[in-house]
Amino acid sequence: MPIQYYIYLCLTLFSIGIIGVLTRRNAIIVFMCVELMLNAVNLLLVAFSKMHHGVALGSSATSMVGIEGQIFVFFIMVVAAAEVSVGLAIIVMMYRNTHSVDINFLNRLKN
Amino acid sequence: MNAIIVSALLGVVMMFSGIITTKRSSITYTAIISLLVLLVANLLNTYGIWEFHVNTHGMLQFDKFGMFFNSIAITATLIYVILSGKDIEKTGIHVSEYYALIFFVLCGVSILTSFNGLLMLFIGIEILSIPLYILTGADKRNLKSNEASLKYFLMGSFSTGIMLMGIVLIYGATGSFALGVLHDAPAAGLPVKASFIEVAGILLLFASMCFKVSAAPFHFWTPDVYDGAPSVFTSFMATIVKSAGFIAFIRLFESNTQALGPTWKILLSFVIIATLLIGNITAVFQQSVKRMLAYSSIAQAGFMLFALYSNNDLAKEGILLYAVAYSLATIGIFAILIKMKDYTFDGYNGLAKSEPVLAFTNTIFLLSLAGIPLTAGFFAKYYMLASVVKAGGALWLVVVAVVFAAISVYYYFRLIQAMYFKEGDAETTGISSGFKNALLILAVLIILFGVFPSLVLNSFYF
Amino acid sequence: MIPVLLILIPLLTGLVSFFIKNDKAVKTWSVLSSVITLLIAFTAVFNCYPGQLSYDAAWLPTLGSRFALMTDGMGKMLCLLTAVSFPLIFAAIFKNNYKQSSGFYGLMLLSQAGLMGVFTAADALVFYFFWELALIPVYFLCSIWGGEKRIAVTFKFFIYTFLGSLLMLVGILFLYFHTNDHSFALKSFYHIHLSGKQENFIFWLFFIAFAIKMPIFPFHTWQPDAYEQSPTATTMVMSGIMVKMGIFAVVRWLLPVFPNASVQFANIIIILSVIGMIYASLIAIRQDDIKRLIAYSSIAHIGLMCAAIFTQNKTGLEGVMIQMFNHGINVLGLWIVADVIEQKLGTRKFIDLGGLAQKAPVLAILLVVMSLANIALPLTNAFIGEFLMFNGLFQYNIWIAAAAGISIILAAVYTLNMIQKVLYGNTVAATENAVEISGNIQLVLVILAITVIVLGVYPQPMIDLTKDTVNAILVNH
Amino acid sequence: MSKLVYLVPLFPLLGFLINGLGRKSLSKSMISLIGSGVILASFIVSVMLFFDVKANGASVITLFDFIKADGFQIPFAFQVDQLSSLFLLIITGVGFLIHLYSSAYMQDEEPQHYGRYFSYLNLFVFSMLLLVLGANYVIMFIGWEGVGLCSYLLIGFWFKNNDYNYAAKKAFIMNRIGDLGFLLAVFWLLFRLGTVSYGDVFANISKLSSFDITGITMLLFVGAMGKSAQIPLYTWLPDAMAGPTPVSALILAATMVTAGIYMIARSNILYTMAPATQTVVAVIGLSTAILAATIALQQNDIKKVLAYSTVSQLGYMFLGLGVGAYTGAVFHVMTHAFFKALLFLGAGSVIHAMHHEQDIRKMGGLKKYLPITHITFLLACLAIAGIPPFSGFFSKDEILTAAFGKNPLYYIIGVGGALMTAFYMFRLYTLTFLGNFRGTHEQEHHLHESPWQMTFPLIILAILSVFGGFLGIPEVFAKDAHSLEHFLSPIFAGSEKITGEHAHLAASQEYIMMGVSTILIAIMIGIAISRYKKYQLNTDENTGLSKVLEHKWYVDELYNAVIVNPLNAIAGFCKNIIEKSGIDGLVNGAGRLVGYGSRQLRLLQSGQVGNYILIMVLAMVVFVLVWFNDNAIMNFLNKIL
Amino acid sequence: MSTTDILFYFLSALAIFSAIMVLVSRNPVHSVLWLILVFFAISGHYILLNAQFLAIVNLIVYAGAIMVLFLFVIMLMNLNAETEPQKHMWMKLAGVISGGCFLMVLVSLVRQATDMQNKSVLMKTGDIGLIKNLGKALFSDYVVPFEISSVLFLSAMVGAVVIGKKD
């Protein structure tokens, strides 16, 4: 499978995530779209890792090249999990105070 | 390595200190002692006396530059805690947790000064950011604090996404997360523009780093977050965290800018000018001192970006000095700001009458931020400009920068005017003589560094 | 060592005076300090300790900057001017009461330290430092003790000059990286080689800084407002000494460093200066306020000095040298008179004044003497300077000299206007109960008047004092 | 002997200092004693110097280096020669008489003002002596400006009156205009020759191109115009009558206004070598002579008439200089000093008697009240009118004869002016002394002759006016009888050499000219006396030419319209428009722009996270686009920077 | 067209479609469910790429833990299509356009990237994605970041306490 396909796929998913961030007002949905972006990144990382691995296999059958990409994905997941816990806590706190998760509602701070 | 490990451990210690004692001031004292320990540990490491031997497998690389910055950050935090410890205690009930988070941030700072790969960069930035989201929202009853926290979090995680996409694209092009590979790509004989994927990655990485150091047009979170966060944590964010961001930025782009060719400088100069413009111009009409300081921090970031632009020895020295000068002054200004009842400029009217020491030291800090000679801020700006002039070819940029520096005087001096030249009864709370003495010492330090900047820099060179 | 003392004494005494709470004590302390400084300045001028005239110590080794000071003829003369002015100013304002006088006198002394530093610096970075150090105290002085609109006006003044000095800083940096030995030393700057384009660009960076400070048309608009709104003691410092910083800097840091550019742009600058002279004189004619009139008159005089510098012949430069001193003395006298009038009568507007000669003849005579010096009447000190400067200008271009000469006539017009409206005619409400000036001020003004006459009759020592500087600068070409 | 020359200006300087500083403590008599005494002392030294020069010739005494700058050196030096010693005598001599006169005339002043008056007067004499004694143009310039200052102080002596102050200011400023010309000439000399000492300049004159000489002489003449009240800078002089009358006599008749003549006579070689300038000098002198004379015809203020008469006579002197009759001009300076000082002092005596009434229409018939004043005044009138053998006849005749030699038209016009002089002087005389008294009864009651301090100078000056002419008897009457010419010949030797021997007129022609002019003048006098003898006060407005003349050809109005008002308007424009709205507006505008930018840029910070992220995304898009187009951008940047 | 290709295209289409549905669903609960579907599709891709460990983790951590957390929060807040705030039409358009631009410029960069030509991804084979290998690498070469990320969790934990706890 040519790497471009994966790149296009992931960029598309990534951009959909961005569009979601830009078009939705619900903080939770926005946050979910960020998660979508992260997943696009993860997929691309794995694809690249396999690509590099494939290239390296040509020279050495026991090559472990490319594993760092997958490890990175692991760390992204770790970070994402941590972020989610903090993020949801913040959103809940916000909701507690304002009974809303609308980000357009966040406009006390401006100018 | 010491700084990373010790700060993480001390963070845990701080977490538990809340269980051992409920007396808030003793938690603060614990934090101060812990910071001293951390400082000592870092210094031991710096001078090669003792360190934790850990095989980092090339993930981290410690150099004097980074460790010296650690010392700066730790010392700044120490001063910050000494000055504003009382106010940290007042922010909420989770005092020990706040300190723990501060230590975790310092851990992130230490990682950012020593990362040797994009993975550690990413982890470092996250360790730096996540506690900040929390600290921003620490004043839970305050809607502004909530809002700031949420904004910061949403935008921060978005920029994390961008950064990750950048890292991935770079990985795709080079097959490695190490910094060195990135550096070597163009040197290996590839035509500069051959690796479009890498370029795209660098651009995205650049954008996300710009976000972290609040360079325009990625600065939007800064005023809102700095304004909304509890002042005492704004002070921390605006100084230590921000300088650490710059160190990371410089570490990252130190030697791999050739991949972008001359475009790099164009891009950077656009960003610099935009940052200076927005920071300085928008600060002019702010009514709240806190918000003005937020914009001023953007403006200062514009100056710090020069280090990136010129990318030479002078720039590295300079960014350290800048970090010292800017952090000390801003910590001082915030320490005073927190004591004010009214954060607007008018709230400062007549401060010189009621609290001359506060007014005087605040003036010194402001002069330093404005870059007036005989204060540390002058040499900070001086080094930035000098490094660009040394790099050559962008004198017009320097001229633009000094024009904005002149504009910056406008809003800094507005505060001085309010304190000294305007009638009014500025109200303050909870000022102890110890606080005043600490401020005076800080002011003396700033002047000392302003007259003999080599005091800072020589210790860099040993 | 002498230059170090010249800076240190006012600096330290200034810092000390912040902590003296007694009004009387702080005044005496300041007078004492300034008199000691004056004595030291005399030792420099009379060359008592020839070995002690320069100082050089390590400061910022990594930057190539040394704490280097020196006093050549021009430096000595300006240090003398500074040293002479301060005791006189302190004596003249001895009776005035300022709120928080410890701060006032402290800041005054600090500005003196800055000025001394500027005039003795032999290192560009040191020079820049003192350049700013002189400015900051003045900013506070004007903003705290000034007139009604002081805050906005001083602010404008500060930002304006600060912008200028930042541009200069850029220039200094650029030059630093183009010196052969990576040093800020004056000597290294003198031996710099730049390409034509670079030289032209950097020249303007420096010149704008100096032009704002002097100030040269059209960079002058901060000045009348600032002079008007400042407390007069500060105005005296600003207009008597601080404007000389700009001229001094042009002579020391501009001409020898940018020999080609300063020849190339001489035309533009001279024409600008001459336009400024006439323009400022014309405006002075229409002023209705003593302080503003003196301010514009000062702009006109400075314009002449600037033009004369750029003729770059010895005559013109010698004229500029002694005129720097003389203008300082004259304008000091005028400001003292303006201050006396304002203090005693509570107004500076011509419309509220008149007939003062009947009530205070001594003041009237001294004002007339100072005014005559202001219009450079022969046998007053200013004549010598203006004579030499016009001479230099004439050698440069006869038509420019003739055009500049118009300002001689206009100077007479506005100065006599002032004399007439303040001193002559019948008394009015404000001046009805005016009384003669008293001891201190009378003494100060008499000293100034005598200086005016003595230097007008026998100017040779002054000319000789600065000859070395003039020669050194023109040799460098 | 000539080493003592510094004493000459030193005495008046001392007098100035003593009287100036002690004006409150000294008594009036003490003040007048010191004030007059120092001038007398100077006079005595001057007389000694005069004889010394006559016996030993000229010398230059250097006191110290005034300015020693690069390339030139200006010593503070005095030159004692025939010309300066002659002027010294006039200045100190007439000056002494006027001081003496003043001591009585100013008796009504308060002591401190009395002291101030004498100190000014002394200072004036000091400056005038510097002017005359200086051995180079710079010292002359010092005196030149010094007398300008003193005239300013003296004209505005009664400073409570703002009209007087305006007059004083006008005098000073008009003088300054001339001074600028003088100064430029000095620079020119310095530039070309590196020296301004008379001796060096005249010796090196060959180094100057004819353009230089013309330029220098023109500029010097501009200086002379200001000081000696020539067209177009003459209007200050009549206004300057605001000062006390002895001042008018001293400054405006005897000394200061003749400085211009002195200066040109001093620089005669330069002028002789610049024929173009000479023509200008002659034409301007002649025009001034006629213009002032016409104005004098219709003036009613006794001092104004004399003032315009002075301007007119100065015009004659310049005519003399212009046609190369340097001796004649100097001769006329001398005789004019005598009779015009006499006229002014006489007028002062009249005014004194009339209690400061100056309008001649309100006088008349004073003959019987003021006998000495009357006689001396009449003699002076005859002298100025040019009736032989009074002094004015000789001097004026010498100038006119020389003018005829140059251009007969000069002569004809000159004679016309002389006729007018005769007419207005005798109009003045008749209205004042003849006929009936037209003043108030109270004035009439108080009329009395002046004290001896005033009449004594009148008598001395009358004697000089009558006999002074015999110093310069024309060659037609007696060979080598022109003792003045002999005395001054070393000064003008250089010029003589260049122009060569005068083409002498035939003796018969000269006789005819003298005769005709004398007869015409006599007829004029007759007309004037007969016409005004029966004058009755009427207040009808003059019409036609008389009105124009009474309003001095509207020259002041013209100046106001052409110079003063536009200048004020330009100044106002600069102050209110260019300065406020233009330059300061630009500066403040920059500040306002920042403020405006601030308010606008703040809006970018909308508070909406969505917008923030939108801009971030767009910025990243721009980053990539920039990167794509970096060449184009680089080219663009290179072009504009 | 091999099975791999078919699977690739199917999973890709599913991922993109589900992702779009996340955006356009009015009801937040539906969005969550669509997002879970995206994660499933991506996990499918992982399996296709023979990254078994990540596939599992993705399902457990993301689709399982994280999304449940989201769902839980949404339910807690009782959010539904009616309460869901909608952006202004123009703002949405601006968002879509700028996102589209972002995609376009990046894609055009990739299209021009010469070094990515002729490179392909190793499908189904390759053992770097196996738990054994990953675990070995994680606890040898990557032990430092692994340990350090514990700090991250610590701070997240502290944060949850600080933020979440009721005062």
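To keep things simple, chains are lettered A, B, C, D and E as they appear, and every chain counts its residues starting from 1.
Here, a contact is a pair of C-beta atoms (placed from the backbone, for glycine too) under 8 Å apart; a residue touches a chain by one contact, two chains touch by 3 or more.
No experiment lies behind these values; they were computed from the predicted model shown.
Q: Please give the intersection of the contact partners of chain C with those of chain D.
A: Both chain C and chain D are touched by B, going by the contact rule given at the top.
Q: I need the common contact partners of chain A and chain E, sorted by label.
A: The shared contacts of chain A and chain E, listed by label, come to B, D.
Q: Looking at A-D and B-C, which one has the bigger number of contacting C-beta pairs?
A: Answer to which pair has more contacts is B-C.
Q: Whose C-alpha centre lies nearest the centre of all protein C-alpha atoms?
A: Smallest centre-to-centre distance to the global C-alpha mean: chain C.
Q: In angstrom, rounded to a whole number, how far apart do the mean CA points of chain B and chain E lie?
A: Result: the chain centres lie 32 Å from each other.
Q: Compute the distance, rounded to whole Å, between the mean C-alpha positions of chain A and chain C.
A: Each chain's C-alpha centroid was found; their separation is 66 Å.
Q: Taking the mean of the CA coordinates per chain, how far is chain A from chain B in Å?
A: Centre-to-centre distance between chain A and chain B: 27 Å.
Q: Using mean CA coordinates as chain centres, what's the chain D-chain E distance in Å?
A: Roughly 101 Å separates the two chain centres.
Q: Could you say which residues in chain B touch two or more other chains, in rising order?
A: Within chain B, the residues that touch at least two other chains are 119, 123, 126, 130, 133-134, 137, 140-141, 149, 151, 154, 158, 172, 197, 199-200, 223-224, 407, 410.
Q: Counting only residues that touch at least two other chains, what does the list for chain D look like?
A: Expected reply: 602, 605, 607, 609-610, 613-614, 617, 620, 624.
Q: Which chain A residues sit where two or more other chains touch them?
A: 3, 7, 14, 17-18, 21-22, 25, 30-31, 49, 51, 55, 65-66, 68, 71, 75, 79, 82-83, 86, 90-91, 93, 103-104, 106, 108-110
Q: Which pairs of chains touch one another in this structure?
A: Chain pairs that touch: A-B, A-D, A-E, B-C, B-D, B-E, C-D, D-E.
Q: For chain D, which residues are in contact with chain B within the complex?
A: 594-595, 597-599, 601-602, 604-605, 607, 609, 611-613, 615-616, 619-620, 623-624, 626-627, 630, 633-634, 637, 641
Q: Write out the stretch or stretches of chain E touching chain D in their complex.
A: On the chain E side, the touching residues are 87, 91, 94-95, 98-99, 101-102, 105-106, 109.
Q: Taking the complex as given, what residues does chain E use to touch chain B?
A: 106, 109-110, 112-116, 140-145, 148-149, 151-152, 154-156, 158-159, 161-163, 165, 167
Q: How about chain C: which of its residues touch chain B in the complex?
A: On the chain C side, the touching residues are 59-62, 128-129, 132-133, 136, 140, 143-144, 150-151, 155, 158-159, 162-163, 166-167, 169-170, 173-174, 176-177, 201, 205.
Q: How about chain A: which of its residues touch chain E in the complex?
A: Chain A residues touching chain E: 1-9, 11-26, 28-29, 31-33, 35-36, 39, 42-43, 46-47, 49-51, 53-55, 57, 64-68, 70-71, 73-75, 77-86, 88-93, 95, 101-102, 104.
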